[in-house]
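Two complexes are shown next, each including chain A; its partner changes from chain B in the first to chain C in the second.
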Partner chain A sequence: MTWPATRPGAAVRSSAVGRSLPSEDSAAIVSGALEYVTDRQVDGMLHGAVHRSPHPHARIVDVDTSRAAAEPGVVAVLTASDVPFNRLGSDPHNPPVLAGDVVRQVGEAVALIAAVDFPTARRAAALVDVTYEPLPVVTGADADAPTSLHPGGNVAGTIAFESGDVEAALADSAVVVDVDTTTSAQEHVAIETPGGMAEWDLGKITVWCGSQNPGLHRRFIAQALQLPLDDVRLVSNPVGGAFGSRNDDPAPVYLALLAWSTKRPIHLHLSRTETIIAGPKRHPYRTRVRVGFDRSGSLRAIDSHAVADTGPYVTAGRNVLKTSAELSSGPYATANARFDGTVRYSNNANAGAFRGFGVPQVAFGLETAISAAAAELGLDPVDVRRRNLLRPGGRHSLYGHTVSRSLRALETLDAAAAHPWWHERDAWAAESTPGPWRRGTGIAMAMKGVGMGSGKGDTARARLIVSANGEVNIWAGPNHTGQAIATAYRQVAADTLAIDYDRIHVHVGDSELVPESGATAASRSMYAGGSAVQLVCRKLRAVLDESAVVEGSGVSFDDVAARLVATGRAEYDAEFVLPDVEDIGRIPADSLADYAPHAVYGCSTQVVRLEVNVYTGEVRLHGVVCAVDAGVAVNPGTTVGQAEGGVAQGIGFALFEEYRLDDGVPVTTSLENYLIPTAVDVPPIETILVSGHEETGPFGAKGMSEVVVVPTAPAIAAAIGTATGFWPRQLPMTPERLRAGLAALEAA
Partner chain B sequence: MIGPTLSRPRLVRAATTQLADALCARGRPVAGATDLLIHGLDTATPELVDLTAMSDARPPVEQLSGGVTRVSATAPISAIARAPVPIPAALAQAIAQFASPQIRNRATLGGNIANASPAADLVPPLVVTDAVLGLRSADGARSVPISDVLAGPGRTTLRAGEWIDYVDLHPVEHSGFRKLGYRRALAIAVVSLAWSWSATGTRLRDVRLAAGAVAPTVVRCPHAEAALTELTPAVVATAATAIHQDIAPIDDLRAHAWYRRDALSGLVRELAAPTEEQTGTQLSERNTTAS
Partner chain C sequence: MKVNGTPVHGYDPGARLLDVLRDHLGLRGVKEGCGVGECGSCTVLLDGDPVCSCLVFAGQADGRDVVTAEGLGTADDLSPLQRQFVDHQALQCGYCIPGVVVSAAAHLAEADHVSEDSVREALSGNLCRCTGYSKLVAAVLAAADHRDSP
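Showing the complex of A and B:
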């Protein structure tokens, strides 16, 4: 890739931005040459293993490590009493590093082993003798639990908010649809399971382990080991996927603890079964949604009531519920909206952050209700949505805050509905052959905030150093967890600096070098991290402008670079703080951070065409249209990749994936019985990037990688409903559940 | 790491001898070994004898006199599917719906039979073609009908040291196989159905039906066979109900018994309206033409 060595800043915008430049790692990734953090090894390193609870809820009466410690080759056996500060976070409801008095889920870590090789470590882990006294098991987020998992009961958090008068508006509505939906605990299934390496050297700990939030993991480790923050370094690349699972994953802390304790390099790599049993899940929800419409299809009210199961501890649960509340009214405008949500403890799997972060669950209920209402009103589901959409610069239905002018919900709806799969749907359905297969097409929408929201001080930072030989190095965050964000940062830098792309090098994921930039989460990396990169590059560009480094001026970047280094003007820092909403609407000013409304939202509308076998309940997908409002796509190729990956994960959520437990004991413990879609289960996906521009984002970009996971399930449900007359309310929509629904219809 | 030793006999005679020796020490024959990773290995197993490396093994498929097709039990099933000698449609379709292309390059018919899963994809087609297994051991060779070999989940009547050399399939006029799995590759059957018959107009003769994952072994379905005299919707519907007398499904992780009964009835009902599943078309091929 070559550009002219120097160009005037203003005239060359978008030479790199807007192009599908490949990730620097792509050749190594596809050829298998890339060394992931779990591939890392050094001579003489030890190997770790974890002893985990077989009980969903039990008191630990005694832990006897003598047999494990006596095993030849075992170097350390660590239990709760060996952890200087035994909690992952500052809230007493946060999980312990290692369970001490009580275990609250199957798979909870009780002891860590370090041994000379992995088989020995694993054998020793099985030799840790823990005496448990089983306690009553809280099997779900029901109010009538047999016991409290924490002092004060099983409610981890609540949110209630109302605008207008929902009950009066519903009473007044010509049509009220009431749906009661449930969504499952979904696995992230990042291809690389958690793990990596850690080394203790000269009083400092270095951990190589995947992380979506290196700064947070660094604080967890410093707190657990009671070390100064500066003595902890986390290197979190390259990593094989995340999707939310590496937000508060304890693996970096296990590694640090083992290396600190043994003073030797340690390697740990969890198995898939361990990851499934002990790792976080998407929060399972029960969501009851009522929507009211007048006869013409105007939305009068949305009433959403959600109960989430967060498992045994607080990790992301309260924030997930907060996001559910904000997006419970979707991309729709109505004067009357209410959300009432509770997140509860149970002895099921810990639920945490997962792409979409509380939105897929409530959106499934809302979109299903709107599709059902359109059917009941006899109106086109696109027309009903179009009529009630939130407009750019409009006011949010629940909180009344103003949303950004970049909102392109309408354009995504129009783009998806303009696709032949949508407008030819009746003709396609009519072509159905005799036999069991029925054809249907469905549509659904979603909106998702970009960044952590207002009042949170959400900040990303970038550091830039010019070297004397004319190279520019940039250290920026959020981190890369599989989406090639460093490439997009580089594109932003190249166009802001207007210098040769090949001179620019972007580094992410190393807490020693990258300034604190928060989490790779909330669809914020491109928007916030890209903005920080743009800001730091503007500082250098201003200096270059002073020096008249422009094409044809005769002053080259090389000359100026050497001079900047010599005069101590080669280093720049910048930070980008997420803008708060312009007008906070009905939110009390002192509670802004509690609700954390967003100014900037991304949108997606999806159309699904499929066939249902009414004899067996099987579904075969024929295609998905995914229209996305991402503002300006800095790298269209990776943006489409995010969209396609989101749809595939949405298909899994819709049709396949369900982590199941039996009285708190997991039963879907491997990828043989926890099914995710394979390549042949994912149909052709046509992604449409809708034209837009977010003025506060880098070159007009905003986040999009979560919103694309949301509409898929309700669009599939709507297509099934259209095809068969049975409108699913429970995810995943397995053949057995569809047959049960169809059989009930046949009987009626 | 402690594990079993693996021997890969290069000659049929050596395989038989080695298996006899190994079995005395609780060794285990494998032919593809694609289930070992899933089920894990008994650490007490000292030796695996791999039956897929024999240079003098028979060709994947041979045509014998009397219309009998002899299929190798130790060749990869992808080689059986590609062989120049045609095989009954039911078996070809079952191979096409089996696991994934990579696994089909390793898995064998003998392995699928000996593994004795009630959900084995390749067994129902053998049942509806009256397959006879050619077995070998140090004591000699013998022939046993497929139905006499299946004893229960994970259990066969194969004797210690005995291995499956080939499978003879009897000619059938029409046959087919339909698998219902929860995804379109790499999924265990929730129910499956194989059929064969001869037809005169709409009248059917010599009807054979075999169902998978609805009983401790793959089972013939005599009640449904008796009812299935014609491919008319009414008659097929009767057979779809009658088949419940032939099966004894259980609730497990994948499905409740009611759904297995219901879905198997659905597969029988499909016989009246051939679908792309029955012609072996996979979604991957369909996808490329979807527009």
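Showing the complex of A and C:
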């Protein structure tokens, strides 16, 4: 790009947005040169380790650190009493930093070690002597609990809402389908495990760590250490994956505690096993869904009841349930909808944020019910969905709020259904060769809100400084945990400013420099962060368009930049507050944030083609078609990458990922027995970017990275049902479960 | 042993090759993702064969050639294979990618015929949680095409 001084109102040339530009750190990544937060090292740094509970629920009678502290090379052993404010958050149900009186899950941190090298730290961690008195174990959200994990009982939260009259509508529906589904605790398996480095220097602490929410982690650390917020700096870049696991990960607080206590640099890198045992999971759900249709296939009612297991403490559970409630009616329009949900405590894994955030669980129930209803009605599953879709600008079935005109539910459905795999599905199935393999094709769809929702004051910010040498630096958030979001921000900046791409530099992840912009979560980064970048660039652009700044012929941007600096007009800030819904519908105005409905939703429809071995229950995936609505894709290659990665996680959720415990004791504790998809498990994925435009988003963009996880499992289930006649209700659909289901079908 | 063509000495033969490469030699492109040979993030070439360096004692590499992602090409001078990964946007967080590139390089060096299936098989020991593998496979196939064309 050159440097055109466009006039206000003139069309700005769009040449960066819409291009598949590689991220700036790509060359460093492929050559192994990029230093991640856990790669960081300085001379003289100490190494950390964590002593963790072996019990799912026990009273701590005594903690004796004398043997650990006496180990040569050990510099510090910290326990609960060493933490100035021992809680991660302000709610009494939030987890402690270090367990003091009671442990409530296996893997809960009890003590922290700092030592001169890692082997010493690890050895000392094993020498912390804790005397436990085991307590009764709450093994699940459904179980009759033998004890209360918190003074108020084992209910962490509830949400209930009804529109219309669901019971009456179900009573006079021609067809009512009732499905009872369960979904598993899924582990994120970001390939870089938690950790990083921290330094204490002149009364300030700096922590380099993985974080999807540097502002939140900064507050956790300031609170735990009782430091002023401005004395805590968090740098979260570069980071090896997140998917929700780094939303409220305690490792940054451990790092800060150890550095603050020892006054020395400290390194910590958790093992895979302790990450799996102690880290958050996707909430396991039991969801019962009833849908009622009239004979022609019009949807009369959706009734969804969900129970979620959040583990021992409040982290994201209540908000996960809130999101389940909002998306319990999916992308469908009906006059009668009800959600009744409960999130409960247990001594299982702590469950938190995971890509999709409560939607995959309830959507599996809903889509399974819709597919079953189509079969019972003898109608095409696409036709049934198409005739009941929520329309752009329409009203949400449960809450009655207005949804954005950018909704592309119909277009994603039509795009997926137009694929030959869908309309040639019967012919393909008929070509099955003799033998155990049966062919099937399934379809499912979903929608997911973009941002934290109405009433939350969800805000992203950006800061821009023009340097005297003609460079434009922008500090923006949300930050990058693998999405190449800084590249997308740069593309937005280039087209807003209409200056050379090479002059623009975007920085993310450093709380000292990036103004508070919230979490890399809720499909909000592109939409919210991109909008803030666009706004801050417009401020500079407006100044550039003033003729006084650029007067004179042949003026270069170097000259302009120097003039801006000389005249004190080189620095700009902007914030983007995500718009609330235009009309809140049936939600009481004073409790809008309790329901936090969205105006902007992304949609995805997926078609799965597969074979099932009816003797062994094995599933062989042939391919996935993923139609997704991203509004305008700022970086199409990156957007497709997000879709492909989301589908792969959906495949794992559907077919094999299950974090299992036995009476609160983890069973699947490594990647040897907690399996995620490999390159041979994931089939070719064909992504269709449906054309759309969200008018409140940067250049028409909106978020899409979560919704793509959601339809995969119900589409696979529908394909298995079509292939075999057995319609799975339990995730993951392991060979054992499929074989058992097929055997029951044969016996019936 | 030789690492990326340079003879190295003075390491503990009982240490994991992974730790010698990372801590002794500062080759931090060799990542540890699990420590038990399941994720493939620490993959290096040992006399041309891809191995998980977390499962190899340094002493087992005595007298042998070790190549890491850093040895295939540098950020300023990428190998054709690494260039294909960049051009195909075949990475997201990137933490697994040095190991993936090493496995792919071994496959391209060994295989007479490279196909989508052979590439998926060759990468099946490298877990990637971000990409869904499609772009990784496309990048390796493009590198194979480039290699095979005159």
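Here is the rule we use: the second predicted complex is superposed on the first by the 727 of 748 C-alpha atoms of A that agree within 3 Å, B and C clash if a C-alpha of one lies under 4 Å from a C-alpha of the other, contacts with A are read in each partner's own complex, and residues count from 1 in each chain.
In the analysis below, a residue touches a chain if its C-beta (ideal position, glycine included) is under 8 Å from a C-beta of that chain, and two chains touch if they have at least 3 such contacts.
Every value quoted in this text rests on a predicted model; they were computed, and no experiment measured them.
By the touch criterion defined above, A:Ala648 reaches chain C but does not reach chain B.
For chain A, the partner that touches more of its residues is C, with chain B and chain C as the two candidates.
By the touch criterion defined above, A:Val189 lies against chain C but remains apart from chain B after alignment on the C-alpha atoms of chain A.
Once the two complexes are overlaid on the shared chain, A:Phe243 sits against chain C while remaining clear of chain B.
By the touch criterion defined above, A:Thr678 lies against chain B and chain C together after alignment on the C-alpha atoms of chain A. Residue contacts after overlaying the shared chain place A:Ser31 against chain C, while chain B stays out of touching range.
Looking at the shared chain after the overlay, A:Arg385 reaches neither chain B nor chain C. Within the superposed three-chain model, A:Ala484 lies in touch with chain C and out of touch with chain B [touch as defined at top]. Contacts of A:Lys281 after superposition on the shared chain: neither chain B nor chain C is touched.
Comparing which residues of chain A touch chain B with which touch chain C, the overlap comprises 670, 672, 678-680, 684. Residues 20, 22-23, 25-36, 39, 188-193, 238-243, 269, 271-272, 481-484, 637-638, 640-642, 644-649, 670-672, 676, 678-680, 682, 684-685 of chain A are the ones touching chain C in the complex. Residues 27-36, 38-39, 41, 68-70, 72-76, 78, 82, 85-89, 91-98, 101, 116, 119-121, 123-137 of chain C are the ones touching chain A in the complex. The part of chain A that touches chain B in the complex is made up of residues 119, 433-437, 613, 615-618, 620, 622-623, 656, 660, 667-668, 670, 672-673, 675, 677-681, 683-684, 734-736, 739-740, 743. By the touch rule above, chain B contacts chain A in their complex via residues 1-2, 38, 100, 180, 182-188, 190, 253-256, 259, 262-263, 265-267, 269-270, 272-275, 282-284, 286-287, 290-291.
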